[in-house]
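For reference, chains read A, B, C and D in written order, and residue numbers begin at 1 within each chain.
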Amino acid sequence: MSRSTGLATASALLLVALFAVPLVTRNEYLLALGVSFATFAVLSSGLNLVYGYSGLLSFAQVGFFGLGAYTAALLMTELQWSALPAVVAGGALAAVAGLVIGYSSLRLSRHAFAIVTLSFALLCGIVARDWVSLTRGSMGIPGLPVPTVGAWRIARPADFYWLLLGYSVLANTIIYALVTSRIGRAMRAIKLNEALAQSQGLDPLAHRLLAVTLSASLTGMAGGWFVFYLTIVDPSVFDFYYTETMLIMVILGGPGHFWGVLVSCAVLTVVPDLLRFTTDLRMVLYGAVLIVAMLVLPGGIGGWLDRRRVERWRRIAYGSPR
Amino acid sequence: MKPLVRSVTGVLLTLAMLGAGAQTGAPIVIGASIPLTGGVSTFGQHSRWGSELAIAEANAAGGVLGRKLEIDYQDNRCNPAEAVKSVTQMIAEKKYVAIFDGLCSSAALAIMPLVERAEIPFVVANASATAIAEKSGVGGNKWTFKVNPTDASMLDALVAWLDKEGKAANIAFLGEDTDFGRAGVAGLEAALKKRNRALASVDFYQKGTADFTTVFAKIKAKKPGLLALYAIDADFQNAMRQWYAAGGGIPLTGRVLVDQVPKAIMASGFLDGTTSVQPYDPSIDTPGNKAFVEAFQKRFQTAPILVSFEAYETTRVLIDAIKRAGSTEPAAIRDALTKTKYPSLLGNTIDFDDHNLAHNNAVILGIRGGKVVVLGFSKT
Amino acid sequence: MDAAFFVQLLLNGLVLGVIYALIAMGLSLIFGVLEIINFAHGEFYMLGAMAAYFAVERVHLGYWATIVAVTIGALCVGWVLYEALLARLAGSGFERSILVTLGLSMVLQNGAVFLFTTTPKMLQTADTYSNVTIGGARIALLRVLALGIGVVAYAGLHLMLHRTQVGRAMRGVAQNRDAALMVGIDPRAVSRLAVVVGIGLSGLAGAALAPVYAVHPLMGFAFVFKAFAIIIIGGLGNVSGAAVAALALGVLESVMGGFLPQVVVDALSFGAMILVLLVRPQGLFGRGVRV
Amino acid sequence: MTAPLLEVRGLTKRYLGVAAVDDVSFAIDAGGIVGLIGPNGSGKSTTIDCLSGFQRADAGHWALDGKPLAGRPAHAVARAGLTRSFQTVRAYDELSLIENLRVAAQQSDGADWWQALLRTEPLRTHEAASRARALELLTTVGLERYADAPAAVLSYGQRKLLALAACMMSRPRLAIFDEPVAGVNPTMIRRIESVVRAFNASGTTLVIVEHNVDFILNLCDRVIVLESGRTIADGAPALIRSDPRVLAAYLGRSGAAAMLARGQA
């Protein structure tokens, strides 16, 4: 009990501090890092919900991200929608895509899911580049309008920082509420032992579709907000290297460990930039980390803590009884 | 926990850097955001070499305003998100007097709003999208300057030339589905439209495609007079071999990298009749270019390509502006840039129009008798 | 449209199909026996091509000598790959194996970019520019050779899986691991062999195609996703299925490409794959190396 | 005589044309403990896999309390009030024992996803109740001191106990235990036996599939015997002991010999 309240106060304080950053510094680079962290926090938590809690390896996250981004951008530039509905529509479309992908592949197997999501992400890239009449092709859509939410005109970096941080907090709260609820418990149960879960009345398909769809919509909306910050959307939002980055964040933080993934996300957004790794070396390093993590500690840092817990109990159980 | 600590200290370091402004005596630093990794890193490398050479020469000549010049490169892997991050970082560090290039159009377009807000000059050397110039100068962004000509203007010159030779009638187009290819087809179609003509056929391929046999068979079957080929790097090399293997000897046009055609194919005369337009070719016979090619060869053991030239000349334009500005105040440099009268290696004088767009000469190149020949220059 | 045009499209398609098959068969074999989708497969094709390039340019080996040397090298790499990585993954889950091989591909691809840069390397042999003409259609000689190599590789694989003890064992393990265990087959030895052969094939593909295509670190990336689609269309773990699917896809792409925009052709493989996934899924993940 | 709790008619399952379960019919009344035995490959596992929805039967109807279950997916069967344990002991290793049990109950209280997400009042009472229920069951099976330990720490026998407890969480009408004592030591067998009696006493009808014939004969008040997919005997343990077809089915098997010996004794 006290531990959870401590965690709550700690995260509350951290949030206040994060939101206060633009008030104490006008260093736009810090804000840019903040924006990048806030965005990736949604992406990696979304992937964590699907892979970590539901055990489904999804390569489609980057597809949802770009789908939301393009939808929002096109609705605002072509149909003069205002920002909020445009972004929500982006999220909705991503959710539909997630539902269709999930339903068509999950009836078959987790293998099919992994491969279908992969092709979905690749197809998104092809469409973005080659369906010119719709997406304007590789030129992308530059000079996106400044979004306004109500009376708030989101133009300065500080505004975008607050916007994306705010959205990220919202999205992560939703995910946190879900995974700590008994639905999350059921998702883990299904991941840990599908047959047993079924024998206890849990419907695997329904829970998995919930995870995929929710994660898709949250990721899609993140894409929508993020491209307004970039002021341009082009096919590189589907860059496979985003997928690799998301994966490494989840794997390192520990699949199925909410806080672990957020921490590794923070570390991996901030550190490489400050150390100014070139992307090549960064990806070589990430690849190596991925291999080692998978072979040595498949559960990531979070999983390692879990095993410590088991060991402690083993000592209680087979050591001296109370 | 340790990495967290490290990141925090890192953040503090960046904060500290804010204090250290550019006091006199310290070098004048230019920030460059170019792809050093990813699919187009080859060009990033050449852009880097070109600008490095220009800086080195300026320093050898005693620097600028009595201070040494420096240029820092950051990787943007041709991705707007990375471009924004890298440039925001450079702007935040305050020590940079100007931002250089971006190389990819999408990256450059993403950088433009940043430099406008930060009020720091941004010189574009390679990005080809016309949108860049449209949005600059009277187009709104007073801080962006595009030194390389837009495809539209170059292709208009090319088509004029082809029309004169009576070859504009039956041109097929094949290009990569990137801004390079899209800009190419847009430029050609516009230029042909002006002369009541159109392209015989238009095809795109995914960048990174290794096999062109199919699309080549299709194009050959249409028996075009010329093939406008927009391929670069590995794709171009693959296309060359397979176009040769396909036979039929249909010459090329568009922005063909004539200097990268495999020697054997060049010598065979297979591509004779090819007419290409480029902002540059190493074989251009002016004293300035001769000296540049020689210096580049000597320094990097490889011949310069278009990208390296554009980077070189753009950097020199920037240095010239800093000289004339007589200070490293961004506004002063910008005003100096607008008044640029820079003698290009290609002979003529570079100055910016009211869209901050320079109109250097384009060179019309041909392959005749198994050799590259400069057919002439044309104002863009 | 004249006949020569069709012949041209057909021949191009056949060559293309065999090239796909060279890469897809190994992928399919490895999945059949280990139930691992090797994400790094394309990188081994790339490394094979790189090796061939340096063998010719630096060591001045001949065409055939290079192919033999590189293939042998690839076989060894396969052995190391199995012992160092894949053996530890035995039966520990599909997702995990994907992530490990994905990590491997990240290391190899970006490492190669770092070492060799993305500048394309053009391997020049005496025959680079020689062509053969069949029924008014022109094909580069080296492509015809690649086609021959592909056919020989397929025949060899077929013989190994059917006529040899290890081959039968391999199919046994693929069809039913437990049963194979009972009859005393060592699944570890069989898996090792599957990986060795699979990687060997991709190395062979790299060597055979190095003089055909520009050699650069990203060359594997373009092929491997198509190879995924192919092995699914052919039925995962079904080597013949993969070979047939590859050939069909090559010809289909070529013929369609003769009339339709290229992007449609690029999307074709994915479209076909998703269709197959929806129409006859049960066959797809059915185990068993059938040749 | 009231309607039977579980009624099975003409259950048939074929593999590649060969019938593993061939037109099996039986009815089970509420209240008792029914044993289902038979030599290897007699179709016991296939039968209960079909009944619990883990395998699709080729023919047959069965109903629980008159509710038809044929063709329903496994989770629907469980919600209808028929739970089962597995031969290969299954548990959620990473979850604590309490959580293991609460998961098993959460579908039965009818609270939907919104209530779960927003933790509305009815849900909180449900969860509190299920926690109490879980502790009570853990006490019954004697694992209460590990309530908050991850299931991974349990021994094989303890896992079997946990699995049985999980079957009881949702207060099912009928629970099927698949080989509850296979591979556990005699002490544990006695413990499991008492647990099973306790569960039955708490009002749940039980079906027990076992190889260990003594266990069945001691525990059950009715035994159904399958051989090669057909019912060959059905009745009180005493009758089964002396049924010639059963003896034939088990003839030569050490288990059968031992059983005979005890039968005479």
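One rule holds for everything that comes next: contacts are C-beta pairs under 8 Å (C-beta built on N, C-alpha and C of every residue); 3 or more make two chains touch, one makes a residue touch a chain.
These numbers were taken from a predicted model, which means no experiment stands behind them.
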| said: Taking the mean of each chain's Cα atoms, which chain ends up nearest the overall Cα mean? | reply: A
| If you average the CA atoms of chain B and of chain D, how far apart do the two points sit, in angstrom? | 74
| message | Based only on mean CA positions, could you tell me how far chain C sits from chain D in angstrom? | response | 49
| Distance from chain C to chain B - Cα centre to Cα centre, in angstrom | 37
| message | Which positions in chain C are in touch with at least two other chains? | response | 110, 113, 263, 266
| chain B, residues touching no fewer than two other chains | 37-38, 177, 204, 206
| So which bits of chain A are touching at least two other chains? | 126, 130, 279-280
| remark: Chains touch one another in the pairs A-B, A-C, A-D, B-C
| note | Within their complex, chain C touches chain B through residues 1-2, 5, 8-9, 12-13, 15-16, 19, 110, 113, 117-120, 122, 124, 128-129, 131, 138-140, 143, 212-214, 216, 218-219, 221-223, 253-254, 257-259, 261-263, 265-266
| Which residues of chain A touch chain B in the complex? | 25, 27-33, 36, 126, 129-130, 132, 137-140, 142-143, 157, 226, 229-232, 234, 236-237, 239, 241, 263, 266-267, 270-271, 273-276, 278-280
| remark: Interface with chain A, chain C side, in the complex: residues 37, 85, 88, 92, 94-96, 98-100, 102-111, 113-114, 225, 228-229, 232, 236, 263, 266-267, 270, 273-274, 277-278, 281, 284-285
| In the complex of these two chains, what residues of chain B are touching chain C? | 37-42, 45, 177, 203-206, 208-211, 213-215, 217-218, 221, 233-235, 237-238, 241-242, 244-247, 262, 264-265, 268
| Sites on chain A touched by chain C in the complex | 51, 55, 57, 104-105, 107-112, 114-116, 118-119, 122-123, 126, 130, 244, 247, 251, 279-281, 283-284, 286-291, 294-295, 298
